[in-house]
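Below is one structure. I have some questions about it.
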Amino acid sequence: MSSDLHGNAPDNSSVVLLLVDVISDLEFSGGEVLAQHALPAAKNIAALKNRAIRAGIPTIYVNDNFGKWRSDFRTLVSHCIDDDTRGRPIAEILKPQSEDYFVLKPKQSGFYSTTLDLLLKHLGAKTLIIAGFTGDICILFTAIDAHIRDYQLILPSDCIVSQDMNENATLLKYMQRVLEAVISPSSELELPPKIVRREMQV
Amino acid sequence: MSSDLHGNAPDNSSVVLLLVDVISDLEFSGGEVLAQHALPAAKNIAALKNRAIRAGIPTIYVNDNFGKWRSDFRTLVSHCIDDDTRGRPIAEILKPQSEDYFVLKPKQSGFYSTTLDLLLKHLGAKTLIIAGFTGDICILFTAIDAHIRDYQLILPSDCIVSQDMNENATLLKYMQRVLEAVISPSSELELPPKIVRREMQV
Amino acid sequence: MSSDLHGNAPDNSSVVLLLVDVISDLEFSGGEVLAQHALPAAKNIAALKNRAIRAGIPTIYVNDNFGKWRSDFRTLVSHCIDDDTRGRPIAEILKPQSEDYFVLKPKQSGFYSTTLDLLLKHLGAKTLIIAGFTGDICILFTAIDAHIRDYQLILPSDCIVSQDMNENATLLKYMQRVLEAVISPSSELELPPKIVRREMQV
Amino acid sequence: MSSDLHGNAPDNSSVVLLLVDVISDLEFSGGEVLAQHALPAAKNIAALKNRAIRAGIPTIYVNDNFGKWRSDFRTLVSHCIDDDTRGRPIAEILKPQSEDYFVLKPKQSGFYSTTLDLLLKHLGAKTLIIAGFTGDICILFTAIDAHIRDYQLILPSDCIVSQDMNENATLLKYMQRVLEAVISPSSELELPPKIVRREMQV
């Protein structure tokens, strides 16, 4: 009813961490191979997310709705964990906390037919750290849409995987060249302490 | 990850019922007056929704997120009911059922920065029955956006209210004239039985 | 090919003048009545545009393409003037100059399926002065879409007309109440001299 | 003013030929190399376009505005040809004809902040043949946005070039794998004769 978004003000941060499709049952063709690549990446993502929390950087889960238009995000999380799916260990490591944001996306790009761009505007985001699966599809599509909207991109290379890791590497290089994304292992990203500033020094 | 929306196919129906902002705590200036108009309308909406269910017409709750970007729809429903808010009696009458769809909107129009249009496309919707609050703002904005996207509009006049009921009447007339909306008491809308067809005969 | 919009930088101005549908042949049902209301308004708009030029405020023609998808804006202008249409006197008074911008819109709202919002972002626009025809349809639709995107609105009342001037007045009042638009005769709008600042003092 | 797009009905065709950024002065860093690859491709595109005309397939020029927000498409064409630019020979070969459509895009993707999708909907397009420059940026971005909107894609491999032809090949293969694009030399595409049907048999 109201257009005022400030009643319950969201955090404000020029840097935002996007986790793409980390909640999935992986119950599709190729999901088994992807799970093998995704589990170690999930551990890196969890560590990165903890550092982001300490630095005051909010996390947005940008997640496929897998065609389940009636489900909300919490139902998807429960399904992945409680139904003992291939994606369960990853979902357990990365399950959302109360302060996280989430956006369900019906297609590959997190920006297509979602409220992501408006949420980022209200957070004051300028720089997006994007992590998750898969590097060669949903992360590429989302990163292109972010670049076209003038966001700066940081892609932690050990937090992004695909079924075919050669394709993953090819497309990371592509995003570095064309989208001017910073590609770096997550351990080498400097997330500043919260008190100093919410800006990233990269 | 997947772009396939057909895995868990949504219902298919050329007519869809949109309930705009029916879940609200009404804890804002003017909310008390609105609540008085909204309670009888809510009863009419509930009856209309039951008829829609019997006719195989799906319902989409298109609801303000009230600036609570971290909440999902079910949390909003619980807040309205469990926290004993002004909007509680209405939320109890109209609380969503498991087969309903929902779209959280950050602004007045249900189409702005949401997945509503894509959901309607996947349902195969051509005609929207729009009910809820308030007629002079969120329903008008949503109806204009629906008209511009070539949806046919049906506005059940006893299911749409505003704080100022004169304004409500003025804008219903406007929508009839400019958006070519069918305006009719809900009891006079003919919802065909499910077996015959999912088309509406108006 | 390039995403760089700065090569040939557009003007920068926090205030922008939008002229909605002022170029039209008016060769449609009701166009004769509209022409009678529109001609005096066109003179007011021309005066306002001249003041805007002196104040460094850019003008964007936001104009219907009238289903002529293959035409550009200059072709529409030529058609209205050279083919001696009902809209000729208005088009002559308001024909675009080389420093004006233009956006062809396929539907009523200037924002729907056009590049208007991106152009406004690149101009740095915060406040839109909207003038043209008709107040009860294309200007209302455009103003609602502008409000939802957080632009401030100024509506010069003697520069906005509709076929039915009562409806025009009703919807101006609506835009004042709901969209918080400033409604004022154009002569009372203070457009600051260019040198001082490009901000509007209203 | 009118929302009716049928007054001057556009062609209707399930297959549409998109020419991406073929009108350019190429006066930017790397433009010289690109011109060398683009000239032979332009000849192939011209031949393909002629076949499309004979088959009743409309052509849409989807072209960068190069930051010149005040220009229309015809002005861009004149600039490229009359100012004797690097892109002149290509613009001469591919200059638009009166029955062609055009869409100016402010960024890399033809769908971002333009009316392209609405125009394609009105043409009834289901399948897009995309040709032009460059394969690794504007064509990739446009193809991804087309795929996400459920268009079928045909990419004539001899009509798509980039500065770095290895990257061009890599991304054509990517579009084949992920976007399910048909990749084929233009001479091997079967465009059906107009009389039979406007559907493509590939």
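General observations
Every chain is named by a letter (A, B, C and D) in the order it is written, and numbering of its residues begins at 1.
Just so we're on the same page, a contact is a pair of C-beta atoms (placed from the backbone, for glycine too) under 8 Å apart; a residue touches a chain by one contact, two chains touch by 3 or more.
Bear in mind the structure is a predicted one, so any value in this text is a computation, not a measurement.
Looking across C-D, A-D or B-C, the interface that copies A-B in more than half of its residue contact pairs is found at C-D.
Averaging C-alpha coordinates per chain and comparing to chain D, the farthest chain turns out to be B. Put simply, the C-alpha centre of chain B and that of chain C have 33 angstrom between them. One finds 40 Å separating the Cα centroids of chain B and chain D. Each of the following residues of chain C touches two or more other chains: 3, 107-108, 137, 148. Across the complex, chain C meets chain D through its residues 1-10, 21, 24, 28, 64, 66-70, 72-74, 98-102, 104, 106-108, 113-115, 117-119, 122, 133-134, 137-138. Of all residues in chain B, those touching chain C in their complex are 107-109, 112, 136-137, 141, 144, 148, 167, 170-171, 174, 178.
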